[in-house]
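Below is a structure I'd like to ask you about.
Chain naming follows the written order as A, B, C and D, and within any one chain the residues start at number 1.
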Amino acid sequence: MLRAIVTVMLKKGIFDPQGRAVHNGLESIGFEGVKQVRVGKQLEIDLNLTDRAEAKKMVDEMCDKMLANPVVESFSYEITEV
Amino acid sequence: MLRAIVTVMLKKGIFDPQGRAVHNGLESIGFEGVKQVRVGKQLEIDLNLTDRAEAKKMVDEMCDKMLANPVVESFSYEITEV
Amino acid sequence: MTEKKAGMEEKLWRKAGLTDSEYALLTKHMGREPNVVELALYAQMWSEHCGYTHTRPLFKHFPTTGPRIVQGPGENAGIVDIDDDEVLTFKLESHNHPSAIAPFQGAATGVGGIIRDILAMGAYPIASLNSLHFGHPGDRGHTRWLISEVVHGIGEYGNCVGVPTVGGELRFADAYKGNPLVNAMCVGYMKKSEIKKAIATGVGNSLMIVGNLTGRDGMGGASFASKDLEEENDDDRGAIQVGDPFMEKLLIEACLEVFQEDYVVGVQDMGAAGILSSSVETASKAGNGVEIDVALVPKREEAMRPEEVMISESQERMLLIVKKGMEEKVNKIFHKWDLHAVVIGHVTDDGMYRVLEDGKTVGEVPVWSLMDAPTYELVGEAPAHLQRTQSFKNSDVDVPDDLNQVLIKLLGSPDICSKEWVYRQYDHRVQMNTVVKPGSDASILRIKGRDKGVGVTMDSNGRYCYLNPRTGSQSVVVEAARNLVVSGAEPIAITDGLNFGNPETPDVYYQLEQAIMGLSEACRALNTPVIGGNASLYNQTPEFGAIYPTPIVGMVGLVKSLDHTTTMEFKAEGDHIILLGTTREELGASEYLDQIHGMVMGDVPELDLEEEAQTQAFILKAIRAGLLSSAHDLGDGGLAVAIAESCIKGELGAHIELDANIRADALLFGESQSRFLLSVTPDKADQLMDMAAEMGVEAATIGKVSTDKKLSIKNNETQLIDRDLALCADAFNTGFDKMMKTDG
Amino acid sequence: MNWGVLLLPGSNCAEDCFHAVDQVLGQPVRYLWHKDTDLGDVDAIIIPGGFSYGDHLRPGAIAHLSPAMTSVKAFAEKGGLVIGICNGFQILTESRMLPGALLQNKGLKFLCQDQTLRVENNSTAFTSEYEAGDVIICPIAHNEGNYYAKAETIEEMEANGQVLFRYSSPDGEVSDATNPNGSINNIAGIINRNGNVVGMMPHPERSADSVLGLSAGKGVFVSMLKHLEAVNS
């Protein structure tokens, strides 16, 4: 079986209030030296496939169609064997 | 500068409604052969540090204190140079 | 002055959205050619969005004054008096274009933006509403995604910021397929003495920016919102702002705390064209100039150009005009809430709008010229479709055999079915003022510590306005008023949202003009002046064309005593059911014709504004006399649907006997105006009928509330409708869920 | 009795809880600022609902680390009454003052509606005004109200009578059909072993002021008041 690990993040330059809140939160409990925090989603998608090329094509399409909104988000993924 | 990429997922065995919803969504638009989907968070934390060991210690502590709730979540991370 | 030449030979102004004649005009105002920064200032301020270039000349028709009107159009929001030295402020705003491409964020920031307008008046935001228009969800997965995301965005922002979302409307037509409408409204409460203005008085006073950091968000949103929505325009896509309701909540707390002190002379929220428009407007009102140094603005991104800083639409920011010497005190309060308040400039006496970068002037133009956007009065032309649609005759359609089936279908149809799927995602109770929740005709909020309350509603009817922009628009105003009146609230004033296509086409301009006339006439007849509003033009796409002309009305009313609120559901067996008004043989423009016969045809029902006003006065009087058990207006789907709704909500049946001489479908589902459905306990029935007769309102007892959980309607002994209530309720309650699950 | 309402950035329901104590219960109440560690002389503390710190990361994740929460913990350890409502419940589980965690609603949507609850245990400082088995209406408004704890924990809590409220039908029936958010055993509210810390997702303050048409939630505050009066007399 193949597993696609997809990461969806807000595009660079788009304001990430969640990241900022976490950043402030970390500072307020005493963590120093944090420069920036960004928060995104990670999806683990297990596929009944064995062919990597096929999996890649499928995951690309999934991201385009549903997993990320290209207006605000960018995605990347990795495919691993499990 | 070092970047910690922290992944926080619901523990195995805990129902992940969001993963289920994405799974259903993917099927409803015609993707076949998806076995399971799990959805978690990914945090990119940029640190003004150069020492990996120090960064590791710090991120461990961040996760314990704030970034993950051990009752329901597990975390893992990677540290990279940026 | 900076030596930078703008390369205007390349006709840069066209790229910026200015016409050649506008460019010539601004050059004349300036006495020279502008540089890039200055060009950007004009391009923003003279856009439709900021300058109301096509709508401003038409606004003169609106009635804007009245005994309860404290502030009409011209400030961030209008203000009405609700007695006891207390006032309400309210306004609506569209966020159509952002919501079309990033529906979650677009809708969320729409809610955030209108809340800041209310905050800028000095008021505490007490309620949000929204009016949403989409294509039919059964058609496309994309539409269902839009609906989910928009509702989610509105909910998430409102819930988090702690302002209850208490009402709204959700309507569907193919005309909105390519261009959904998302209009948000907010209502605020304050004491009269707490009113703030958007004015930059006092030379030397400081301009302080508070709230979020400034980034490249929504770059050029103001001119972006004034363009046709073209597909796949990547530049526009970069314009999406992300909302942070948590920041907004802090901003509300901090601002209201600062307003308690005598530190601030003026306040303005930052909406379209951000720092620029907020500061220009405040300066112009005071007849002063301002000077702003972009280097002082706290930024989120590096290497921002001066014009980017000036027009950025980063969310959750406000501009305060602070008395000289009080800056530190203001900052201290913001600091307490973990926010900054930073001086970015000051008020000057030379009437110039001056932009500096690190102390060096990079742009300088007269303030008045930025506010003096050229306006366009075009000649409208009745749209060609009107000839076709108005030629409709009732005889063009047959009366369906199975009227029960028609009723069930209508109850489950998109416009009519229960919108609980939507409003259960909204926290409609936070702040603990919601006396009548969403799901009734209007929502009612109490004013803490008083016996009085406030009624709020948002209404529109794009199909009516498409088929008859003038009377259709009148109908929208009176429908909003009906919703308030049946709830026990006396209508006070409206805010309007003008959602139209491209006004530069004669038929759209005609619709716009007619709609404004219609709104104005109805507002005059009902004594509900227009105290503010918003225009969103260019709502069209190459693929789907223009939207229906859609004026949206947000109306607020006063409930003098909470004892006198009424809801739509039947209350008790044996209560008499009374129909007010005249039922004519009118099928045109109806929901029935659209849903059952697939026809958007005919003329809208006749509307007599005087009769309407009189009927509404009667209902209020009856409610205040404690005579009514329930009251509901007749709207989409006509008499049968209204009866069914009162039955479903009350979980009680009704037996109705009519004696009309018109077609059964017109009788049951026609939408003749100025009609209401009341119920009254038998012992008060005579008194009620006498009162109606005295006031010259047509009233007929048509049946009784029953416990047999059946809905039965007979006309002249003929059984037209006979249905178990459970079937009606199921259609009504599950219609929305079913719609959102359709595959397509 | 002196009541304190914790004021965290983003706590939208602080005013509502204040109103319930001040106007409905008629008791002295003040806000406790999140940056202060000195709580003064309070007898009961309410951690209100809302979206503290925007609910970013996880509801309660940042809030439970605020300075005031250290003092709230100490207050509870000495036996003081603490009730966390909605976001307050989430903060209490995050801080481990109560077991378990609150996950996203099974339906993945925010839910705002009137909710019927069955009172499970009325012999506590928070529920003595009710009878066991009473069904009360208490509105819910949350996105993460799906109560979860390990099977052993649940078993233990059930055995100890730590479940105070369950989502039920108007007739008091408890089933999957009456579970709005997927909580294990329809759990809507729980109490700690010591009987002085309560967390509940439904909002008793929203059904305390009868002008709004509901009044059953008032019982929670009245129970607390009677308990305080009894131990202080």
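Here is the rule we go by: a residue touches a chain if its C-beta (ideal position, glycine included) is under 8 Å from a C-beta of that chain, and two chains touch if they have at least 3 such contacts.
Nothing here was measured: the structure is a model prediction, and the numbers come from that model.
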| item | value |
| --- | --- |
| Most widely separated chain from chain C, with each centre as the mean of CA atoms | B |
| Selected pair, greater C-beta contact count between A-D and A-C | A-C |
| Rounded Å distance, chain C centre to chain D centre (Cα mean) | 36 |
| Separation of chain A from chain B, taking each centre as the mean of its C-alpha atoms, in whole Å | 9 |
| Residues of chain C touching at least two other chains | 244, 246-247, 338 |
| Residue numbers of chain B (touch at least two other chains) | 29, 41, 65-67 |
| Contacts with two or more other chains, residues of chain D listed in rising order | 53-54, 56-57, 61-62, 65 |
| Interface residues, chain B side, partner chain D - complex | 10, 14-15, 17-18, 21, 41, 65-67, 69, 71-72 |
| Touching residues (chain side chain D, partner chain C) in the complex | 9-10, 12-13, 15-16, 19-20, 50-51, 53-56, 109-113, 139, 141, 143, 203, 205-206, 209, 211-213 |
| Residues of chain C defined as touching chain D within the complex | 152, 155-156, 159-162, 244-247, 249-250, 337-338, 423-435, 446, 448, 562 |
| Chain C residues within the chain A interface of the complex | 101-102, 104-105, 212, 215-217, 237-238, 240-244, 246-247, 300-301, 314-315, 338 |
| Chain B-facing residues of chain D, complex | 57-58, 61-62, 65, 93-94, 100-101, 103-108, 146, 148-149, 182 |
